[in-house]
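A, B and C are the chain letters, set down in written order, and residue numbers restart from 1 in every chain.
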Amino acid sequence: VAGYTLGQIREILGGELRGNGAVILRSVASLSSAGPDQLSFLLDGKHLPALQRSGAGAVILPASLADSVPLPRIVADNPHAYFARAAALLHAPAPIEPGIHPTAVVHPDALIDPTSCIGPLTFVARGAYVGSGSIIGAGVSLGENAVVGSDCHLYDRVVIYHGCGLGDRCIVHSGAVIGADGFGYAKDGEAWLKVPQLGRVLIGDDVEIGACTTIDRGALDDTVIENGVKLDNLIMVAHNVRVGAHTAIAACVGIAGSTRIGSRCTIGGAAMIVGHIEIADGVHIGGGTLVAKSVIQPGAYTGVMPMEEHKNWLRNAAHLRHLDDMARRIRELERRLGRKEED
Amino acid sequence: VAGYTLGQIREILGGELRGNGAVILRSVASLSSAGPDQLSFLLDGKHLPALQRSGAGAVILPASLADSVPLPRIVADNPHAYFARAAALLHAPAPIEPGIHPTAVVHPDALIDPTSCIGPLTFVARGAYVGSGSIIGAGVSLGENAVVGSDCHLYDRVVIYHGCGLGDRCIVHSGAVIGADGFGYAKDGEAWLKVPQLGRVLIGDDVEIGACTTIDRGALDDTVIENGVKLDNLIMVAHNVRVGAHTAIAACVGIAGSTRIGSRCTIGGAAMIVGHIEIADGVHIGGGTLVAKSVIQPGAYTGVMPMEEHKNWLRNAAHLRHLDDMARRIRELERRLGRKEED
Amino acid sequence: VAGYTLGQIREILGGELRGNGAVILRSVASLSSAGPDQLSFLLDGKHLPALQRSGAGAVILPASLADSVPLPRIVADNPHAYFARAAALLHAPAPIEPGIHPTAVVHPDALIDPTSCIGPLTFVARGAYVGSGSIIGAGVSLGENAVVGSDCHLYDRVVIYHGCGLGDRCIVHSGAVIGADGFGYAKDGEAWLKVPQLGRVLIGDDVEIGACTTIDRGALDDTVIENGVKLDNLIMVAHNVRVGAHTAIAACVGIAGSTRIGSRCTIGGAAMIVGHIEIADGVHIGGGTLVAKSVIQPGAYTGVMPMEEHKNWLRNAAHLRHLDDMARRIRELERRLGRKEED
C-alpha cells in the first residue's frame, strides 16, 4: 500500500497539522497497537496515558490535547469524525469489478446498471432494479420490482422482498430480510385468519442495516425508514413503522406495528417499543427498556430492574408484589401517627 | 385488473349489502388513502371521522355503524375477517408456474409434486418431499428427508434441516431456520460436551413462521408446533418445546427448552419463557415479561419495570435494592407505634 | 444399524457394567419412549418412576441409583457426559463424501483440503481456507481470506465475512453471520458517519454457534471467542467483545461493544450486557437480566421484574415511580415517631 503522508491527509481532510507532515501512513490502528506507519486517534484526556505510550506514526486529537505529545498530529474539531474519514481514505475498498457473475440468475426484465456488480449465486427477479456503482454480494435475493439505488452494498445472503426499495449509499449486512409479511391476522373463531400484507418497505439514503435484522412490509400503507437511519443487528421493525431520519437503534430492539419514531433518536440494545405509539424527535431510550406509551418530550428514558446478587434479588423482589400494601401501610402509619401527635 | 363488483363480493363472501352493489373494486386500501375503485374497512367508531372523509368506493363495517355513511357498504359480523377475505380475493397471487428451476439442485431421490415450484439456486437433499401446489422460493435449503406439505409457501433462503416436517398451507419467511441443533451439553470437567440432538421439528397445518425465527430440533423426542400457530420474526423456540394450536407469538420472544405452551395463548413481543414449565391454554403474556414458572390459570400476566425519565428512574431504582429493608422498617414502625398507642 | 452390545460400549467408554452385557443397542431414547434395543439414562432420583416403567434395553445411571432397577446398566461418575458419548457412538454421522459439489463456486486461489466437502451452491472467495475433514453445507458463503479449521461443520447458509477465522471442531448453524461490520459511527452534525470496521472475528476450537447468531468484526482490534464457548441461537456479539473459554450463552442474549466476559460463565436467555465492561470468570447471569456495570466477583446475579396477574401488576407497578417518596416518608415517620417516643 502506497499510503499518504500526514500532510496529504491534512490537505484532503483539513484540520491543523503539527509536527512532521512527511511521515507516511499506510493504515489506522488503536493507540496501543499502532506502529510507525499507522495513524491513531483519541477523543479526550481519558486515554492520555495510552497516547503517551503509543508507537503510532501520527495521531488525530482534539484542541484540548493539541500539544500533549510530540508525535506528528492533526488537531481536529471532531477527532472521531476526522478519524472515520482518514480510515476510509487509508482503507479504501478495492475498486468494483462491474458485471454479473455467470452463476447469478438475473431475470431478463431486471435492470442492472453496468457499473454495478452482482455476485455469484445471486437471484434477481423480474422488474428489479440496481443503480450505478452498487455491490450485490453472493447469494443475495432481490424480489420482483425490488429497487436498490446507487453506491449501495448488499452483503452476501441479504433478502429484499418484492416491491421494496432502498435509496442510495445504503449498506445491508448478511442475513437481513427486508419486506417479509407483517404479523397481521383477524380473529376468526378460534383460528387466526391472515390479513394480506400489501404495503412495501421504503428505505431512504445512507441507511445501514445490520446482520439478521428484519423489516416487515406494511399491511396497506408502507413501512418507512428515513435517511441516515442506522440499525444494528437482530432488530425487528414491524409493519407500518416509521423511523425518522438519523435515528440510531442498537441490536436486539423490537418495534411493534404502526409505531412512529422521531428523528435523531437513539434506542439502546434490547429495548422493546409497543405498537401504535409515537416517539418524539430527540428521544433517548435506555437499553432493555419497554416503551409502553407515547413519548412526547425529548429526553432520556429508562425502565429496567437493577441487577444484584441473586440471593439479594430474591429477598428484595418478593416485596414487589406487595408494594401496594406497603404504600397503604405507610399512609396508615402517617394517619395514626398524626392522630397521636395531636394528642 | 378486472376487479369485482361489491355485489359479486357479497355473493362470494356473504354479509349484508347496502347501497350501490354495482361499484367496481380493484384493490383494498386504508380509509385515508382509498380511491373510488378501492375497498376499505373499519372495526369500530374510533375511525368514524376517517370513514366520513374517505374517498373509498366501498367499505366493510360492523352492524353498529351500518348506516353511518352513504357509501356502498357491506355490513359484516366480523369486519376484520371479512376484509381479510376480500383482500385475498382482490389481491389473489399470480398462479404458480410449476416446475423446478434449472439452477436448483434437487437430489434424484427427492420427491417433488409436479404441481409445485422450486425456485432458482435452491437445494433439495436426498429423500426430501414437497407436496402439491407448494411454492419453494430461491436459495432455499431442504435437508435430507425434510417434508413440506401441500399449498405451502417457503420464501427465499429458508432452511429446513434433515428430518423436519411442515404440514399443509404453511408459510415460512426468509431467514427462518427450522431444525438446528438444540442447545444441549453435558458438563465434562471445565468443558461442555455436546449431547447429540436426535429429535425433529414437527409443524402442523396453517402455521406461519416469521423471518429469521429459529425452531430447534428436539434432543431425543421432537419439538412440536401445533396447527394454526403464528410465529412472528426473530423468535427462538428451543428444543423439545411444544406450542399449542392457534397460539400467536409476537417478535423477539424466546422459549427455553422443554416448555409446553397451551392453545390459544398470546405472547407479547420480547417476552422470555424459561425452560421446563407449562403454560395453560388461554394465557396472555405481556410484552417484555419474563415467565419464570408455570402458569396454571388462564388470564393476563405481566412483569415489566415501568419506564420513566432517566433521572427519576435513577432516584427510584436505587430503592429497589433496599425494599427488604423498607419492609422491615415499616413493620418496625407499626410495632413501635402500636406500643406508643397503647400507652 | 449393527449397533453395539452394552459390553462393547463399556469397553470403549468405561464405567461399571451391571447386568447382561450382551444386550444389543442400536440407538438412544428418553426413558419413556425407549424400546429393547435402545439405551437411555437418568441423572438423579427425580426420574426414578420413569426408570422403573422404562422399556429401555439398558440405562446409564449414577452410583446412587446403581441397583435401583434390574435392567442392564452402566454406572457412570458423570451419567450425562457418558450418555452424550454413547449417543455420539450409536448415532455416528455418515462418513463425509469429500469433494467440491459441481455447483459450488470456489475461487481458484482458495485452498480446500481434499478431505473436506463443500456443498452445493456454496461460494468460497479468494484466499479462503478450509482444513481437513470439514463439512461445508449448501449455500454457505466464505469471504476473502476466511479460515475454517479442521473437522468443522458449517450448516447450510452460514456466512463468514472476509478475514474471519474459526479453529478446529467448530459447529456453526444455519443463518449465523460471522464478521459483519460493528455498529460504529462518529456523530457528524445531525448525521452519523460510518467508522470503517477493520478488525476481524477470531474463534477458537470447539466452539458451537447457533442459528441466526451474529458476531461482529472488531473496529480496529479483533472480536475474540475463546475455546469451548457455546453460543445458542439469535445472540448478538458486538465488535471487540471477548468471550472467555468454556462460557455458555443462551439464546437471544445481546453483548454490546468492547465488553469482556470471563471464562466458565453462563449467561441466561435474553440477558443484555452493556458495552465497555468486564465480567469476571465464573459469573452466572440470570435470564432477562440487564448487566449495566462490571461484575468483579464470581457468583449468581439477577435483575428481573417478577411476573404477576396483570391487574395486580398494574396496582403494584404504579408505586415504582414513587419509591423515592415512599423511602422519604418512612424516614420522616421514623423521625416523628422517635421524637414522640422521647416525649
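Details
Everything that follows uses one rule, which is that contacts are C-beta pairs under 8 Å (C-beta built on N, C-alpha and C of every residue); 3 or more make two chains touch, one makes a residue touch a chain.
Quantities reported herein were computed from a predicted structural model and do not represent experimental measurements.
Interface residue usage between chain A and chain B, two copies of one sequence, is largely distinct: under half of the residue numbers at the contact are used by both copies.
For the two copies, chain B and chain C, the CA superposition rotation is 120 degrees, given to the nearest 5. Once the centre of each chain is set as its mean CA position, chain A and chain B turn out to be 25 Å apart.
Contact of a single residue of chain B with at least two other chains is seen at positions 103, 121, 139, 157, 175, 212, 234, 252, 270, 304-306, 308, 317, 320, 322, 326, 330, 333, 337, 340. Chain B meets chain A in the complex at residues 27-30, 33, 78, 80-81, 83-85, 87-88, 91, 101, 103, 119-121, 137-139, 155-157, 171, 173-175, 206, 208, 210-212, 228, 230, 232-234, 245-246, 248, 250-252, 264, 269-270, 287-288, 304-311, 313-314, 317, 320-324, 326-327, 330, 333-334, 337, 340-341.
Those residues of chain A that touch chain B in the complex are listed here as 103, 105, 121, 123, 125, 139, 141, 143, 157, 159, 161, 175, 177, 180-181, 183, 185-188, 190-196, 198, 212, 214, 216, 220-221, 234, 236, 238, 252, 254, 256, 270, 272, 274, 284-286, 289-292, 299-306, 308, 312, 315-320, 322, 326, 329-330, 333, 336-337, 340.
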